[in-house]
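Mind having a look at this structure? Questions to follow.
In order of appearance the chains are A, B, C, D, E and F, and numbering begins at 1 in each one.
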Amino acid sequence: MQRPSGRKPEEMRSVRLTKHFTKHAEGSVLVEFGDTKVICTATVEETVPSFLRGKSQGWVTAEYGMLPRSTGTRMRREASAGKQGGRTQEIQRLIGRSLRAAVDLKKLGERSIYIDCDVIQADGGTRTASITGGFVAMAMAINGLLAEGLLKENPILHFVASVSVGVYEGEPVLDLDYLEDSSAHTDMNLVMDESGRFVEVQGTAEGVPYTMHELQAMLALGQAGISKLIDIQKAALNAEKSEA
Amino acid sequence: MQRPSGRKPEEMRSVRLTKHFTKHAEGSVLVEFGDTKVICTATVEETVPSFLRGKSQGWVTAEYGMLPRSTGTRMRREASAGKQGGRTQEIQRLIGRSLRAAVDLKKLGERSIYIDCDVIQADGGTRTASITGGFVAMAMAINGLLAEGLLKENPILHFVASVSVGVYEGEPVLDLDYLEDSSAHTDMNLVMDESGRFVEVQGTAEGVPYTMHELQAMLALGQAGISKLIDIQKAALNAEKSEA
Amino acid sequence: MQRPSGRKPEEMRSVRLTKHFTKHAEGSVLVEFGDTKVICTATVEETVPSFLRGKSQGWVTAEYGMLPRSTGTRMRREASAGKQGGRTQEIQRLIGRSLRAAVDLKKLGERSIYIDCDVIQADGGTRTASITGGFVAMAMAINGLLAEGLLKENPILHFVASVSVGVYEGEPVLDLDYLEDSSAHTDMNLVMDESGRFVEVQGTAEGVPYTMHELQAMLALGQAGISKLIDIQKAALNAEKSEA
Amino acid sequence: MQRPSGRKPEEMRSVRLTKHFTKHAEGSVLVEFGDTKVICTATVEETVPSFLRGKSQGWVTAEYGMLPRSTGTRMRREASAGKQGGRTQEIQRLIGRSLRAAVDLKKLGERSIYIDCDVIQADGGTRTASITGGFVAMAMAINGLLAEGLLKENPILHFVASVSVGVYEGEPVLDLDYLEDSSAHTDMNLVMDESGRFVEVQGTAEGVPYTMHELQAMLALGQAGISKLIDIQKAALNAEKSEA
Amino acid sequence: MQRPSGRKPEEMRSVRLTKHFTKHAEGSVLVEFGDTKVICTATVEETVPSFLRGKSQGWVTAEYGMLPRSTGTRMRREASAGKQGGRTQEIQRLIGRSLRAAVDLKKLGERSIYIDCDVIQADGGTRTASITGGFVAMAMAINGLLAEGLLKENPILHFVASVSVGVYEGEPVLDLDYLEDSSAHTDMNLVMDESGRFVEVQGTAEGVPYTMHELQAMLALGQAGISKLIDIQKAALNAEKSEA
Amino acid sequence: MQRPSGRKPEEMRSVRLTKHFTKHAEGSVLVEFGDTKVICTATVEETVPSFLRGKSQGWVTAEYGMLPRSTGTRMRREASAGKQGGRTQEIQRLIGRSLRAAVDLKKLGERSIYIDCDVIQADGGTRTASITGGFVAMAMAINGLLAEGLLKENPILHFVASVSVGVYEGEPVLDLDYLEDSSAHTDMNLVMDESGRFVEVQGTAEGVPYTMHELQAMLALGQAGISKLIDIQKAALNAEKSEA
C-alpha cells in the first residue's frame, strides 16, 4: 500500500497553528493540516441562550462554513441557497459538542463563546482541523478573560483535539487527505482529550463495513495522532503566553 | 446500579415489528423498542437523483420526523418552523448511510428507495429503531420488486440493524430508554451487519469523556444486541414470505 | 348509482376512536373513518399567544400534517420542502376555527390547547376525521384540567364533529372515500354542533356547479351523519370516565 | 337592527368595474365594492404547469395580495416576511378554484391564465371583490385571444361572481363591510354562476353557530346579490365590445 | 437623436401627485411620472426598531414592491417566491436612506415612519418616482403629527426629490422611460435636496463607461429636473394645507 | 483635519495583491487595503444562466460574504440566518456589474465566471477591495483560458478598479478606513476603467447632503487613486506572466 501523499500509515500531515491570523476576535487562529486551511475565531458574548438564562452557567457553540471555492469544484454558497446543508449542520454540532466537553460551563459563568470555523481551503479533514484549531481559539479567548480578571479560575477541563483515521486500500491510516478520503472504505473521526479518553467517535463505512480488528487499529492510530496534536496546541498556546 | 426500567445491563427492551401497519407503501412497518414507536415506510420510485443519472445504479435515502407530541413536551412542528433542525438532518443522514451500506446499488438498477421514519411516540433510541425498522421496510419493498420481476437478483448485501449503548451510573448498558439517555454520561449508537462488522459507530460523551475500557465494553454489548435484532428482523421477514 | 365501497348513499364508513393511542399528550386519540387514520393529540400550555396576553382568555389552535407515504404516491415532506403548502394551511385553519367554536375561551383561562392532527393513512376525509378526533383529544385534555382542579368549570359549549358530503354520479352521498372524492363533482365539508347548528360549511364544485336542490340534499345527509358522529364521540368519552 | 352604513339588509354597496386600469396586462380591471378596491389583472402565458403538460388543456390560477397599508393598521409585507400567510393562501386558492369553474380548460388549449388580485384599499369583502373583478379581467384576456384568432371558440362556460352574506345583530345581511364583518357572528362567502348554481359556499360561525334557518336566509340574499353582480359584469364587458 | 417619446433631452415626463389616493394611511399619494404609477403611503408607529430604543430619536424606513403585472411581462410575486430579490432590496434601501436624509430624527421623537412604495404600473424610473412621492406621503404624515400636537416642531430639514438621467444614443437625457432605459448606455439616479445638494448619486454604465464630460452633463440635467420636482411637491403639499 | 490613520487626504492605504492565496480556483488572490483583507476567487464554468442560453455570449457574476468575526463585533452568519441581507445583495450586485463592464461577453463565449469575494478581516472599503481584487482573480482565470486555448482572444476590454472617497471632517479624503467611514458625512464608491471613465458612481450622504463642489473634489481624488490601483493590478498580473 502506497498513500497518494507518500506518507507512512501512522504519519500525520504537517500541522500549523498561526495565532492572531485575523485581528478582531478574542481568539483567532489559522489551522493548517497540510493543504486544509481553516480560520477559527472565538467570540465572547456576555449573554447566554434563553434556555440557559438564570442557570449560572455559560455556553460554547460553533458554526462551520466553507468558502464556495475552498474545494476543487465550486460549491453553492449556503447564504445564497438560503440554508445550511445537512453536512454543515452535522459538522458544526460535532465541533460544538466537542469543545463544550472541554469546558466546565459553570466556571465559565453566564457568558457564551462562539467558535466560527471557516474553511478557506479544503483537502480532507476540515472538521478535525476545525476542532483542533477551534480549541486553541477558545483557549485564547479564555486566557483573555482570565487576564482581564473576568474569570477567576480557568474553566478548561482538559485539552481536546481531533484527527481522522480510515482504512485505505485495506490498511488503517492516520489523517486522511482528500484523495484518500474519497476512496477510503471507512472514515472515522476521533475527538479525544489529553488523557486519551474519547469525546467523540464517529466512524462510517463507505461501502464495506469494517471489522472489530480494523476498528481497534484505527483507534490506536488516532490515539497516537491526537497526542501529538495536543502537544502542538500546547506549544502554540505557551508561545502566546511568553509573548505577553 | 439499578436501571430505571429494572432491566439488566445487557437486556434490550421488548422489540416488535408490525408489518403492513399502513397500507399504501411498498414496504411498511411499525417498529417498537419498548415505548418508542416509529412508522417506517419504503417507497420505490423509478428515477434517481440527478447526480446519479445515467450511472446504471440506484439510490437509497431516508427522511426522519417526529410528531410534535411524540415527546413529553410538545416540540415545534418542523414543517411550520420552515426547516428541519440540525438533529433531524443528522439522524436522517445516518439512517440513509446505514441502509445504503446494506444494498448493492448497482444491482438495484436506476431506481430510488425512500425510507420515511416518523416517530409517533418517543422514549429514547428513535434513530436506532428507525434503522432497524427501516431495513425491514426496505426489504419488503425489495421483495416486492423481486416478486414483480422488476429485479432479477436481490440487491441486499447483508442485514443491518442498530442499537444504542451507553454508560449509565458508571456501568455500560444496552438500549437506553429516555430516562437513562437523559442522564447517561455517554451515548453511543452502533449500526452493524449480520456478520458483526461495523457500519457506523457514533459515540458522544455528554460530560465526562469515556475510557478505552468503557468503549470496548459498550462495543461488546452492542454487538450482542444487534445480533438479536437481526434475528427479529429475519423472523419478521420470513413470516411475510410464508404468508405469501 | 353504485358507490365503489358498496355503501348506501347515507351510509358512513366505520368510525373508530382509540383513546390513549400515544402516551405523552394530555389528550390523544387515533381516529379512523374507514381506512383514513389520523393521530390527534391535545397539548395544554399555560401561556397564550402574544395577541391575547392579559385578556383573561385562552386559545385553541391546530396543526395538520400528513406522513409522506400516508397516500398512494409519496408526497414531499413539508418540513423538508421548507414550508407548509396552501392545502395544509387551509385545513389546519379550518380545524382550529371549528374547535375554538366549541369552547368558551374565557372559561378556559389564560392557557392554550394545541391540537395536532397527523394523518398516518389517507383515504379521503382527513380533515373531517381530524375535526371529529381533535374534538375528543381536546375534551380529554379539558377533562384532565378539570380533574386536576386547574379548571373549575367545563369550558366546552357543545360537541362538534365533521363529515363530508358530495354529489357522486349525480347523487348526494355521505362521507366520501378517496375513490369517490377524486371523481365527485362536488365536495362539501360540514362542521356542526350537537344541536344541528352549523359551525362551518365549505362546499366546492369541482367541475359542474351544484344546484340549490343538491345543496339541500347534502346538508340533510350531513346533519344526520354528524348526529351519529357525536354519539360516537360521547360514547368514547364516557368510556374514559368509567375507566377512571 | 341598523347597519353601520345605513344600508338595508339586502342592499349591496356601490360596485364599480373600471377596465384598463393598468395598461400592460391582457386583462385589467379595478373593482370597487364601496371602499374596497382591488386591482385585478389577467396574464396569458403560452405554457401550462408541469403536471398538465401534454394533456391538451389549459390552466387558470390566481394570486392574491394586500398592500401593507391597504388596511387600518399596517400589515407586514409578505414578501419581506418571506412567506404568504395562511389567510392569503386560503383566499388565492378560493379565487383560483372559482375562476377555473367558469372555464372549459380543454377549450382554453395549452395555455395558462394568471389572475393577480392586489388589494389597494380594504373595507371588507376583498375576496368576493377579487373573484368578481378577476372574472372580468379573465374574460378580457379571453376576448383578446379570440380577437387575435388564438382561440376559435369561447372557453367561458358561464359568468361567475361572488358576494358575502352574514348574520349581523341577529339579522341576515348582504355584502358586509369591515365594520359589520368584524362584529358579525357569521360570515359566508358565496360564489355562484349566472344560472344560480353554487360554485363555492364557505360559511364560518365566528362565535355562535348558525341555524339551518339562518343559512337558508343567507343563501337567498346571496343569490339575489350575485345575480345583480353578474349584470354589472355583463354591462362592463359589453361596453368593452362596443368600444372596440 | 430622437427620443422615443418625442421629448427634448431636458424634458421630464408629466408628473402628477394625487394625495389621499387611498384612505387608511397617515400619508398617501399616487405619484405618476408619465405611465409610471406608484402608490406611496406613510405609516406612523409609536415605536422604534430595537437598535434605537432609548436613544431619543426616531426612524424612517421604506419598503418597495411591484405588482406582478405592473410590467410588460408578468414577474413572479416576491411573497410567493419567499423572498425579496436583490433589486428590490437595493431600491428600498435607497428610498429609506434618501428620506432619512430629509428628516431630523431627533426632532421626530421615538417613533417610526414606514414608507411603502408599490408600483402599480411601470414605465421606467420607479425608484425616482417612489422617492419623490414617498417624500410627499411622509410630509403628509408629519403634517398630521404637527396638527395633532404630537410634534411641536417640524422635523423636515429640506425637501428631497429624485430623477433619473442617462446617456441615450450618445446624448444626455433627463427622466428616462422604459424604452430609453433599456437601451441607454448609462443610467444614473440622482437624489437632491431643495438647495441643489446631493443626497445620493448612483450611476451605472451598462456597457461603455461614461466620461467625466458626460457625467457633468448628466448632473446638470438632473439638478434642473429635481428643482422642478420640488416645485411640484410644494404645490401639492400647499394644496393640502389650503384644503384643511 | 487629521485623519485617524495619520494619512494625507489623497493617500491610500497600503495595497497588496497576493496571487494563488488558495489553490483550487482558476483565479485566486488575497487583496489587502490596509487591514481590510478579502479572498477573491474566480471560477470558470462551461455553462451560462438559462436567460442567456443560445445567445453566444458568456456571463460574469459575483457573490460577497463576510466571515462572522471579520468585524469588531460578531455578525450573524448569513447561511445560518437563512438569507443574505440587503447590504450583501447590494454589494454583490455592484461587484458583478463592475466586472461585467470590463469584459466583452461575446468574446468570452458560452461560459460563466463566478467571482467570490469573502472578507476575512474588515476595516472599511470591503466592496472596493473586492472589485479591485476580483478583477485580478478574473484576469487570472481568463489568462488560464487563453493559455489552454479555450479562448482565442482576450475578452477583457479594460482594467477596472475601485476606491472609496468621502468627506471627513469637512475635507475630501481618499480610501476611508472603518474609523473614518463610520464618522464621515459622505461616502462614495467609485469604479473606473484605465482610461479614467466611470463604471459606477455611488455616493451617499450620511447626514448632511454634499455640494457640487465637494462632489467634484471627491471625483478627482478617486480618479487619481484608481489610476494607482490599476498600476498595482498590472504589476501583479505581469508578475504572473513572467513566473509562467
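Keep this in mind: a contact is a pair of C-beta atoms (placed from the backbone, for glycine too) under 8 Å apart; a residue touches a chain by one contact, two chains touch by 3 or more.
Small disclaimer: the values here were computed from a predicted structure and weren't measured.
Chains touching both chain C and chain F: none. Traced through touching neighbours, the fewest hops from chain B to chain F number 2.
Seen from the C-alpha centroid of chain C, the farthest chain centroid is that of F. The chain with its CA mean position farthest from that of chain B is E.
In terms of their C-alpha centroids, the spacing between chain A and chain E amounts to 51 Å. For the pair chain C and chain D, the distance between mean C-alpha positions equals 28 Å. Chain C has residues 82-83 in contact with two or more other chains. For chain F in complex with chain A, the touching residues are 22-25, 28, 35, 37, 39, 41, 43, 45, 63, 65, 67-72, 74, 77-84, 88, 114, 116, 118, 120-122.
Those residues of chain A that touch chain B in the complex are listed here as 83, 86-87, 89-90, 92-93, 97, 101, 158, 188, 192-193, 196-205, 207-212, 215, 219, 223.
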